[in-house]
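The structures come next, written out as C-alpha cells.
Common to both upcoming complexes is subunit A, partnered first by subunit B, then by subunit C.
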Partner chain A sequence: MGVLSLDLFVAALRLATPIAFVALGETFSERSGTINIGVEGTALAGALIGATVSFFSQSPWLGLAAAVGVGMLLGLIHAIWCVYLRSDHVVAGAAINLLVTGLAYFLTRVVWGWRGTSASAPILNPWLLVWTMVALVLISQIFLFRTPWGLRLRVVGEHPKAADTAGINVYRTRVGYSVLNGALCGLAGAFLFNNLGRFSVGMVGGRGFIGIAAMVVGNYRPIPAFLAAYLFGFVDALQMRLQDVIPSHFSIMLPYVLTIIVLAGFLGRANVPAALGKPYIKEEG
Partner chain B sequence: MSAEAVRMEGIVKRFPGVVANAGIDLTLNYGEVHGLLGENGAGKSVLMSVLYGLYRPTEGQIYLNERPISIDSPAVAIRSGIGMVHQHFMLVPRLTVAENMVVGWETVRAKTFLDRPRIRQRIEELSEQYGLGVDATAVVEELSVGEQQRVEIVKALYRGAEVLILDEPTATLPEQEVAALFDTIRALQDEGKAVVFITHKLREALTICDQVTVLRKGEKVGSVPASEATERQLTEMMVGRDVVFEVQRERLESEGRPLLQLAGLSAVDDRGVPAVDEVDLTVHDHEIVGVAGVQGNGQTELVETICGLRKPRQGRVEVDGEDLTARSPRDMARKGLVHIPEDRHRRGLVLTFSVAENAILGRQYEAPFAAGRWGQSKRAIGGYARELVKRFNVSVPGVRTAVRALSGGNQQRVILARELDREPKVVIAAQPTRGLDVAGIEFVWEQLLEMRREGAAVLLVSMDLDELMTLSDRLVIMYQGKIVGERKPRDTDKQEIGLLMLGGAVEAS
Partner chain C sequence: MRRALVLLVAIVALGAWMGFGAEHPKIGLVLATGGLGDRSFNDQGFWGAERAAEEIAAEYGVSVDDVLDYVEPRSIADYESFYREFSRAGEYAVIIGIGFDHAPILEEVAPDYPDQKFVVIDAVAAVDNVASIVFRDQETAFLCGVVAGMLSETRKGGVLGGMDIPLIRRFVDGFTQGMKWIDAEAEVSVRFVGDWGNPTLGKELSLELYRGNADIIYGAAGASHLGTFAAAEERDGWWAIGTDVDQAWSAPEHADVIIASGLKRVDLAVYTEVMKVIDGTWEAGVIEYGMATDEGIGTGIAFGPWDVSDYIEASYSTVALPNNVVKDILAKLNEAVEGIRDGTIVIETE
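After this line comes the complex of A and B, so read on.
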C-alpha cells in the first residue's frame, strides 16, 4: 500500500496538533462548566498575533508568547462575560469568533496591505509544538483524575453549589480554566502559524470547531480527546494523498463529513458536565 | 454541664425587604443535640447558613469555643470544625463516595496526587466508628437517599467537624430510615459532637433532642429542655396559636359506588423495568384510600398510569364505571379525575408563569378562558384566578405574580384550588403535604377531607405514615409494585404497616 506509509501517520500527528490543543483546552473549560465556541476565533487570534509579533520582533519565541497571551486575554474576556455577567455562552463565543475574523482582515491590511494574509515571518520548528501538545495531553489526563485540583474542577462543573459549600471558589475556578483554554487555543494558533510560516485568515479552517467535536467524542477526557483529534488529523492527511485519485473538492470535505458522522454517533452519549452552560449564582454571601 | 461549643449572639440577617433573623441568641454545647424548630420561613436555615459561612450576618457575633470568630465562607467554617449536611445533598451523583467526601479537603501524597488508599482507609474508619456502612468506592447515584445522607455525614466528619448541622435531615428520608439516622445522631452525641437538628416535626425534635429552640418569623420564641417540653407547648410556640392537630374526620356512610377501579394494572418504569404489577384496587365515594410504601416501590408509576401520564402494559382503569384506560390526562380530567402531582415544581406548576396562568392550566382551551380559536380572555382568567385565590386563601400580592415567588404552601394551594375546583369524582393526591409547614399541612388535609365529604373518591399516596393513618378510611401497602396488604387504620399501627412496607409477611390475625 503506497498510501498507508509511515509518513502518513507522522503527518496525521502534525495535522492533529491544533485540533488536540483546542480539544484539550475545551475539555478543561467545559469540565468547569463553561462552553466556549470562541475557540475557533481564539486560535485564529493566536496565529494572527503570533505572526504579527514574530514579524516585527523577528523573534519566533516572542511570537509564541504573544499567541498564548492573546489566547489568555480572549479566554478572560469570555469568562467575564459568562461567569460574572452571565451571558449566554454560545453568543459570547460567537462574538469572539466574529471579532477576531474582523480583526484579522483589518490587521493584515494595515500591516501588510494584503487582504487576509501576512508576509512570512520567522518561525520555530513546528515539531516543538507537536511534542508540547503530546506532553500536555498526558499531564492533563493525570491532572484531571489523579490530583486534588482535577477533582475540584470536575465538581465545579457538575455541582457548583457542592463545590462552594466545600470551600471551593467556583468563580475563580471557572475563570482560571477559561483562561487556560484560551492559552491552549493560542498554542493551536501558534502551531498553525509556525507550520506555514505566515498568517492567513482561513488557516484555522474549522479546526477549532473540530476540536470541540474531538472533545465530545473523547467524552471530556484528555487522552481519548487526543485520539479523536488524531483520527481527524489522519483523515485530513489521507485526503491530501487522495487528491490525486479523487477530485479535491470532494476529498477536502472528508474531515468535515467525518466530524458530522462521528458526532451523530457520540452526541447524547457523552458525560456532559451537569452544570455546563449554566451560570452559578451564589446566594448573597 | 457540658462545654460550650458555639454561641451566637444577637444574630440579625436582613435580605432586601425581609428580616430573616431578628437578633437571635443560640448556644450549642458539645455532646448535646440541639433542636431548631420552626415553620418554613421561620429563619432556621438562614441562621445555620450564617453559622456555616454561607451568609454573612448583618449584625451579631459568633463565638466558637468561647473565642469570637468571623465565619465569612464555608471554607472558614470547615477549617473551624463546623460541618453541615444540607437538605438538598451537596453530592455529585456521577462521582464516587470517596471523591465526594474529600473534594476541597483532599489527602495528598507527594503534594500532588490524591492518596486514594489513605482516603479510603479513613472513610472506612469513620464509617465503622459510627456504624454508617458507607462504601468509599461506590458511585453516589447508585445509593439510596438514606445512604447519601450517611455519605454527607461522613463527609463532614472527614473534614473534622465537631459541630454538625443537620438541615431537615428527615424531610426526604423514608420512615424506616429515620430510626437509623437517630442511632447515628446518638453515636455522634456520644463522641462529644455538638449536633444541630433542624426540623419542623415536633415529635422528632422531642425524640432526639436535648434542648429545643423555637423560631418564628425570624425571632427566637424560646428555648426549652426537650425533657420538659410537650408537643402542645411547642406547637403553640411555633405557630403562635393553639393548633388543634386533630382533624375532624367524621364518620361518613359510603354509598358503595366504586368511583375508581383498577383491574390488573401493570406498568414499567422509565428504564423499562416492571414497576406496577397487577394492581387491583377500588376506591368508593366518600372514601379516602391511602397508599403506603417505601419510596420507589411503584407508587409514582401507579399514579402516573392512573392519570394517563404513563401507558399501562395491561389492565384497566375505570372512573365511575367508564373504562378510561390509557386515555390522555386531559380526557381523565374531563371525566372527573384530577391529579395533585408529587413534584409540584416539575409537574404541578409552571414556575415562571403567573398565578392566574397556573390557575387555568389544563383548562386553557375551554370557555370562558379561551376566546375563539386562537385567543385568550385575560379578563376571564384574571377574574377566575382572583376568585380562587380568595376562596382557597392563597396569600399572594396579586394573580399576576409569578408562582415561583410563592412559598411552598401557597404553591400547593394554587394546585389544590385548580384541581379541586373542577368538582372531581376522583382525586389522586401524591405526597400532597411534602415539605409544607403546619399551616400548609392542615389546609391540605382539610381540603382532602372536604372532597371526601362531598362524595369524591380520594387516593392518597404519601410517605408520611401519620398522615395516612389520620386521613385514610383504608390503607393499602405497596411493595415492589404489588399491593401486599390492606388494613383499616384503627385496626393497625405504624409498626405493622412499616413491616409490610419492607416486604415482611405479617400473619393475618
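After this line comes the complex of A and C, so read on.
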C-alpha cells in the first residue's frame, strides 16, 4: 500500500520538530540539575509572543527573536525559583504552564477579540526551523560530550560540590542552561506558529511533555533524544494514514501507547544526573 | 410608634419596589467550555440570548444586563455548580446550556428543581423540565457535499472531524450523501484529530487528505480545522468548507480558500426557545431544528454572493468562481433544499 511514502517521513519530521526542540532544551537543563516541566507552557509562550510580535511588527524575524526571548525569560524565572529560591522544580514548572495558558486566553481576547486564537501573521518558511533543529541536535551532541564546557555542565548535574571545588560556578551554570532550555522551547513554539501562520492555544497540545519523555528515552543525549522524538512523530504521521483501516479511536492512541511502552523499558536504566532536582547549597567557609 | 410605622411602610415600599424590579423575566446562560470569542458555537448561542434579552429589556424598560446573566465555565466540572446557583436563585425564567456535554449534568441537576425551565443545545437530557435542542446537522452537511460534488475536480472530498462521535458522524454521512447526490462516483475520505483545539495536527491530517487526492475538505473539528485552512493555502486548487458560521467571515485571512460554510443557527434556536418561554408556549422534550422539522429553521449553508433563502445565505468567501458556475451550484442547492423539505431527499444517518 501507498502508506510508506516519502510524504510519511517528511510529515514525521515536521511532527517531530517541536518535540525535538523541547527534548534538546530539557537535556541541557536536566544535565545541569534542573527539572523543567514548564516546557509545555514555555513553547506555548514562544508561539504566542512570536505570533503577537510578528502580527504587530509585520516582521517574522522579529517574531522569531521575540519567541526565543520570551522562552529565555521564562527559563530565567524558572531558574531563579529553583536555583536561588530553592523551590520545588515540578511545582515551579507547573506554575509556568498555568501562567502561560491564562496569558494566552487573556491576550488573544484583548488583542484579537477571539478567545484562544490569533489572526494570521507573517511567517518564515517552517523548514528553516526544522533544519535549525537538526543542526542544533548535532552541535549539542558534540558540545555535551566532546568539549570542556559539556564536561563542566555534566559535572554540575552529577556532583555540584565537586564542580564548585573545581571553581565552576554551579548557580550561574544552572541558570545559564535553564535559559538555554527556555530559548529552545521558544524555538519549538516559533516552529508551531510559523507552521500554522497563526497562534491557537491548543497548538502545542502536550508535545512539550512528550519532549520530556523523548529526552528520557534518549537517555539525556541529544541524538538519541531526537530519534525518540522522530519515532513519536513517525508513529503519529503513520496513524493519520492508517485511519482508513484502523478506527480513529485506536489509531490516535498509537503514538501515546508507544511512548508509554518505550518509557517503561527505558526508565529503569535511565542515566539520571545524580543531583537532578536537588538545590545546591554552597557551604560558607 | 410613629417612627416604627414609617419604617414599616418604607420596608414594604422597598419590598414592593424590588419585587416590581424583579418582575421582568431573566435568562441564565451557561456556555460551553470554549467560552465566548470562538466566533462560532458559543458566540452564536450568546447572540441568540442577547437578541431575546434586548426585546425583553425594551418591553420592561430595563437594561440587557438586567435580563441576561451568563457564565463561561472553565471546565466541565464547573457546570453543575453554575446550574445549581442559577436554579437556587429561582429568578430565571429559563436557564440555557450550550453544548452536548451539558446533558449528563442537567440530568443530575434539573430533577432537583422541577419548576425551573431548562434548555440544552446539541444533546438530549431526558428530564421533564428540559427542552433538548438537536440540529439536523446532516442537512447542513448535505448542502456542503453538494458544493463539493459540483466543484471537486478530483472527484474526491475529505472530512476532518474532531472526534469520532455520533454528532460528527452526522456531518460525515450528510456530506458524503450530498456529494454522491451530485456525482455518484465521488469518494469521501475521513480523518479525525482526536482534539477540538489542535490546529497543528489538523493541518497535518488535512495535508494528508489533500495529498491523498481530495481537493476539498469539510472541517468539522472546531479550532483544529483552522489547520485545514492553512493547509489549503499551500496549493492552488485546494479548497476548504467551514462549519457553524460563515468562516470566510470569522477567519477572513482564509476567505480565498473557504468556498462555503455549513451553518448551524444556534442563535435562532436559543432566541426561539426564550421567546416560547415568554409567550407561554414553551414545552419540554426533544425539539429538532432543521429544514425538514416543525421548526423549519436552523440549518443551511453560506455560499455565493447573495442571500437566496432562509437556508442559502451570502458568504464572505473571496474565491473567484465564474458567474455561471455559482448560479449552477445555487440552483442545485435550491433543488437540494426543496428535496430535503418535501422529503424526496432522505439523508441516512447511523
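The working rule: the second predicted complex is superposed on the first by the 282 of 285 C-alpha atoms of A that agree within 3 Å, B and C clash if a C-alpha of one lies under 4 Å from a C-alpha of the other, contacts with A are read in each partner's own complex, and residues count from 1 in each chain.
As a working rule, a contact is a pair of C-beta atoms (placed from the backbone, for glycine too) under 8 Å apart; a residue touches a chain by one contact, two chains touch by 3 or more.
Just so it is clear, the model here is predicted, and its values are computed rather than measured.
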| item | value |
| --- | --- |
| Three-chain arrangement built on subunit A, subunit B and subunit C clash or fit | fit |
| Touch count on subunit A, higher of subunit B and subunit C | C |
| First, second, both or neither for A:L192, with subunit B first and subunit C second | second |
| Vertex subunit A angle, Cα centres of subunit C and subunit B, expressed to the nearest 10 degrees | 140 |
| Subunit B versus subunit C as contact partner of A:E158, first or second or both or neither | first |
| Contacts of A:M240 with subunit B and subunit C, given as first, second, both or neither | second |
| Partner chain in contact with A:T147 - subunit B first, subunit C second, else both or neither | first |
| Contacts of A:N271 with subunit B and subunit C, given as first, second, both or neither | first |
| Which of subunit B and subunit C A:E40 touches, first, second, both or neither | neither |
| Shortest CA-CA distance in Å separating subunit B from subunit C in the superposed model | 38 |
| Partner subunit C, residues of subunit A touching it in the complex | 7, 11, 14-15, 18, 105, 108-109, 113-117, 119-120, 192, 195-198, 200-205, 207, 236-237, 240-241, 243-244, 247-249, 252 |
| Residue numbers on subunit C that touch subunit A, as the complex places them | 34-39, 163-164, 189-201, 203-205, 207-208, 211, 223-224, 226-227, 230, 233, 253-254 |
| Interface residues, subunit A side, partner subunit B - complex | 146-148, 151-152, 154-155, 158-159, 161-168, 271, 274, 283-285 |
| Parts of subunit B lying in touch with subunit A, wherever the complex brings them together | 15, 52, 54-56, 72-76, 78-79, 84, 86, 90-95, 99-100, 102-106, 108, 112-114 |
